[in-house]
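Heads up, the next two complexes both have chain A, just with different partners, chain B and then chain C.
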Partner chain A sequence: MTQDAFSKYHPAINILFFVGAIGSCVMIQHPAYLLAGVLTSGMYYLLLHGRSGWKMIGALVPLFLFLAAINPLFNTRGETVLFWILGRPYTLEALLYGVSVASVFVVMMLWLGCYNKVLTGDKFTCLFGNLIPSLSLLLVMVFRLVPNLIRKTRQISGARKAIGKGAGSGASLKNKLTAGMTVLGVLTSWALEGSVVTGDSMRARGYGTARRSSFTIYRMTAADWGMLCILLILLGTVIGFAIGGSMTATFVPKRSIAPIGGTNLLGFAAYCGYLLIPSALHIKETIRWNISKYRI
Partner chain B sequence: MKKIKKSSIAMLLTFLLLIPLTLYLGTFLSGRNYYITATLIIVELLIPFILAFEGRKPQARELVLIAVMCAIGIVGRVAIPIPHFKATFAIIMLSGVAFGPEAGFMVGAVTALASNFFYGQGAFTPWQMMAYGAGGMLAGYLFKKKRLPKNPFILAAFGFFAVLLWVGPLLDCSGLFLMSPSISFSWVIAYFAAGFSVNMSQAISTAVVMLLFGKPLLDILERIKRKYGMSEESEGG
Partner chain C sequence: MEHIKIQDLSFSYSTSNGKQSLQDVSLSIKKGEYVVLCGRSGSGKTTLLRHLKPPLTPHGKKSGKICFNGTLLENVSAHDQAAKIGYVMQDPDDQIVTDKVWHELAFGLESLGCDQKTMRARVAEMACYFGIQDWFHRDVAHLSGGQKQLLNLASVMAMQPEVLILDEPTAQLDPIAASDFLNTVRKINTELGTTVIITEHRLEDVFPYADRAVVMDGGRVIADGVPRSIGKLLYEQKNPMFSAMPTPVRVFYGTGSVGECPLTVREGRTWLSASLPEPPAIVEKPSTNTDEDLSQVALSLRDVWFRYEKKAPDVLRGVNAQVPTGSLYAIVGGNGVGKSTMLKAICGICRPYRGKIKVFGKAINKYKSADLFRVCIAMLPQDPKSLLSQKTVAEELAEMTSDKARIAEIAEICRITELLESHPYDLSGGEQQRAALAKVLLTEPKLLLLDEPTKGMDSFFKESFANILTQLKARGITVVMVSHDVEFCARYADLVSMFFDGQVLTTDAPKRFFGNNSFYTTAANRMSRHLFRNAVTAEDIVELYKQNKGADQ
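== the complex of A and B ==
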């Protein structure tokens, strides 16, 4: 399998999707919508991360249970008392509210996990390169410097080890600390000397004399514009229904959840459709890939 | 008449218009609106600083210098292989002390943003940018022009309290707004109590780095500044 299909769209499309998905999950606390969010974000997360994705899901489950169960301890409002704990009522409504808050948290973590995989550093700088040129340049330089400095750190500690000054794995905490500090000091002066040379070299080549153009490999194609339209239409429908009040739900002190049915179903369908787009594209691409492989 | 800078207009607009507007619109959102409102305000607070930096058209040397300090902050955990020991914040504050408040802010904010590209962006990214940036800036202001002596013990005490009372609590706030169902006094206490042990270990590691390493690193930075003529007076020209 090659790359994720949704990641191949223009970065603007990618970021629009995630802003919409995360924004709506924080705003809407209707249980059906939250369930849709949990399932779709979990699916896309697993599609992107493969088998290692289960580790994150496994870590989120206890966190979800903890967050859900702890709310009634703080919030005692509600009609249906399940049991009494430490002289305070533990209510069903507060528990349901805890579940909704915990689901929002889980959905957000999962979408952010997908975001990290889809919106890589180069896409970010491509999006903001014209808007905030100096900051984007800074980010690009940091991205390049980090692996470079890690290599230099290994060189320095290797050299120190060779002259018998390194701290091995068996060294005491104090030795490790002082050795680490020395390495950091050497690294700092080395890197800063280099930075001055780089800066002067940039200046000699005319940095700051004219508007800097930026290179990107991303272009808005017909497919991108089509996807933009689909996303905007679905998102508009969801926002329209949300303003219309078909997604309201309150839990404490009284349960009141807008029913899903009739025309409200349309809003729910639009929401599910919106969230399913990346997973659907990914699955479509996998099937196509396997068919082409089978044909060989 | 003195020309008003673009960045000060942005600053005024943010404080007088954007933030009240966000607060006002936030009351219309249903459900847990405070998370969105609070995060938007944090992002809006970052805008004037970034615009001021862009508007100044920073020199090549300054840009590379900030980038290097950020990268060192991120790489710090490779250089000192002790678990839970982070030198990142100490390096941000020392950059602020050596190169002034503005550079301190940029080093802090960019370190937070860039390190999250390596370790994963989260809902806390804008909060972290603000916390680190403001910490670096504060260090820059306090130690500027010998307001406070650059003594290792004072540096360590400053690092300790800045992490414990400002950076840590601000990061706890992002968790509080995201995860707690309602903002009440008991929730606030619960979150700050839960974050206290992590904040404490961060504060101690920052103080240790400042104590042992603050003076030598500052000497290195001063030497570079002197060697290449980058003192604060000539930076403006």
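== the complex of A and C ==
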């Protein structure tokens, strides 16, 4: 369990946030907004993953540079030619466009990294369990099956090795293949046998006697509803301004970027506010925790 | 009114060519009764239990009727039978459907279409009652066998059944987890008044608390009464089931006593004290020094250290052991202390990072793997299914060698000759174990490693298994076995070692080993230690008792 404040909200709130954050970063290519996206997602990612998060950041930097630099090689449109390469112009506009595409990519990777940490498997099945109970049950059973099979495979190959039927290190490819096939065969019949028992156990507990309901340990509390309102208001504002055209930016063939200022500033503020929510909650809780510890 | 009434139930499987698995079974079970159903493997216990739960009832020819609360079981609605008749099976792992503990608890309620509020309350209730709170959020994969079985019980109890049917629920558990589980079942019975019908091999833990014992043999009910009377009945009938009775019962009738039979160790102690002077004239059997040559070492481990992952804690922490050639060497100890890992290290599945393992005087890493496993070491794994890979038992054996005469010989030793044409998965657990053992023996090992061989065996099969081991020893095969089964080790092993905290602590002959322990010892020793020294089996007590009585006269 992470000690992250945002993770403690209802899974529906979690997923709404990530859909909003990832969706808007794909739709809006305005440099200021992208910069806000990079900073907020990076911050939340580091808050969630701690020191090990820097590894991911370190891997994303060269990827970002590569993606940004490669775009002008394919896209030669643009007014300002920086230099010529392989007989083709390398333009500033195309480079800027590359930077924006690369930023979208980086922001997406970071948000998805956070998503993985926040929305664990059981939260996911809880969300979709209500919509499609049988599918969610199937998913849950698969989650259980896979590690089970891996464990049994290890057991079988160990057992076969101990009667001299395993493929040792010096075995030929053919021997290894036959040994592998036998293990697979044992595994299949063993798993089938097990699934008969599982089936019995399901029917003994009334599977198929009534329409299944779905149990979750998550509940929408007042705080969840409050957070839902905040998210929807901020997201609504951002969408409103986006439709109003205050976030458009095109790079090729001609740079045209909507200025941020005046009323447009409100849209930008709403966007930053939206993206900062998880980090802010995390920081707020850390501070509050430290204060209460200090008071003791 | 009877809760469950079975009238003249007969049944034969459609594949059995008319052989009846149940014959004219009539039983009536009252509300709140705790009934233990005993009998050897294949006596029809499971078939009978499955008839009480409609979705699990096997297909075949059936006559007679079963009533539940006065209604024919066929006419009980699907919802009612699902909720009111709870059924727990043997395998802790395969019964679990979902991946999280909390989800598994709610599975039955979900199937019945309960609403969130009810489910929330029931799941909370169950988690508290069964002490599951601490692992409520865990993945099922990370639970121990005992926890898994407790979870299976709790998720059945969440549906608030009136009857709880348990089919050998502790067969796969270690003794401590098993007695925990059985205590919980008893608690359910006494505190909630749930009717309990249980089949069980560990009668020592069940017999004293059951209201009734029903003994089955060959598909018939051969005895039905209060547990105290059952021992007498079986003794008088000279029924082989008598050997499965709790130790105090066996001692009581073995000494030819009459009167009220003791059922628990405490009652057994009181009875022994009352019937013998304290101290008795003869306190110890003359030690029969077996003149076996124990100087030749088949296997030696010196300061062996092992861990599974670099950062994981050490599982073996300097194991030292010497196994004499031609002996049956048993290693006992709690769950997860590294006993099985030690066997894996011996046969090279795990490679220790420090220390030496020598087999017949040669370090195992000096052997070529082909030589090591042919005519040298072989291991019978805990789960025999991991060795069964063919379509018939005969093919299983043919996989190991093409020598027909040897196959016939080994099949005879393991008593699977008549099973050779069957599919391995059609065999019972004990038969699968024998088939796997035969397969292992065909590698002609001089050192045989057994991992929990008696798990899930009934008392008769244990005896014939012990005979097989004796035959192997007579052929000069050294046997090393890891076991929880204290009673089995006390009776048949030559040397017993205690494994604890990654080390072999003490090693001794079983009589002295168990005689010196006061908790980790056999029921017979606990019952007689205030009078006799080193009496570790029921036979020991009976013999000493008779000698003392003889000396009196």
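By our rule, the second predicted complex is superposed on the first by the 268 of 296 C-alpha atoms of A that agree within 3 Å, B and C clash if a C-alpha of one lies under 4 Å from a C-alpha of the other, contacts with A are read in each partner's own complex, and residues count from 1 in each chain.
One rule holds in what follows: a contact is a pair of C-beta atoms (placed from the backbone, for glycine too) under 8 Å apart; a residue touches a chain by one contact, two chains touch by 3 or more.
On a predicted model such as this, the values are computed, not experimentally measured, just so you know.
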Touching partner for A:G240 - first (chain B), second (chain C), both, neither: neither
First (chain B), second (chain C), both or neither touched by A:G185: both
Chain B versus chain C as contact partner of A:G158, first or second or both or neither: second
Which superposed partner A:Y97 touches (first chain B, second chain C, both, neither): first
Which of chain B and chain C A:E193 touches, first, second, both or neither: both
First (chain B), second (chain C), both or neither touched by A:R203: both
Touching partner for A:V26 - first (chain B), second (chain C), both, neither: first
Chain B versus chain C as contact partner of A:S134, first or second or both or neither: first
Touching partner for A:N116 - first (chain B), second (chain C), both, neither: first
Which partner reaches more residues of chain A (counting touched residues only), chain B or chain C: B
On chain A, positions contacted by chain B and by chain C: 121, 133, 137, 141, 143, 148, 185, 189, 193-195, 198, 200, 202-203, 207-208
Chain A to chain C touching residues, read off their complex: 1, 121-122, 133, 137, 140-141, 143-144, 147-148, 152, 155-156, 158-166, 168-169, 182, 185-186, 189-190, 193-195, 197-198, 200-217
Chain B-facing residues of chain A, complex: 23, 26-29, 67, 71, 74-75, 97-98, 101-102, 104-105, 108-109, 112-113, 115-116, 120-121, 124, 132-135, 137-139, 141-143, 145-146, 148-150, 153, 157, 173, 176-178, 180-181, 183-185, 187-189, 191-196, 198-200, 202-203, 207-208, 248
Contacting residues of chain B [partner chain A, same complex]: 29-33, 35-36, 50, 53-54, 57-68, 70-72, 74-76, 78-82, 85, 87, 106, 110-111, 113-114, 117-118, 120-123, 178-182, 184, 186-187, 190, 208-209, 212-213, 216-217, 220-221, 223-224, 228
Chain A-facing residues of chain C, complex: 53, 55-56, 78-79, 82-83, 86-87, 89, 91, 93-100, 102-103, 106-116, 119-120, 123, 137, 140-141, 152, 155-156, 159, 344, 347-349, 369-370, 372-374, 377-379, 381, 383, 385-389, 399-400, 425, 439-440, 443, 449
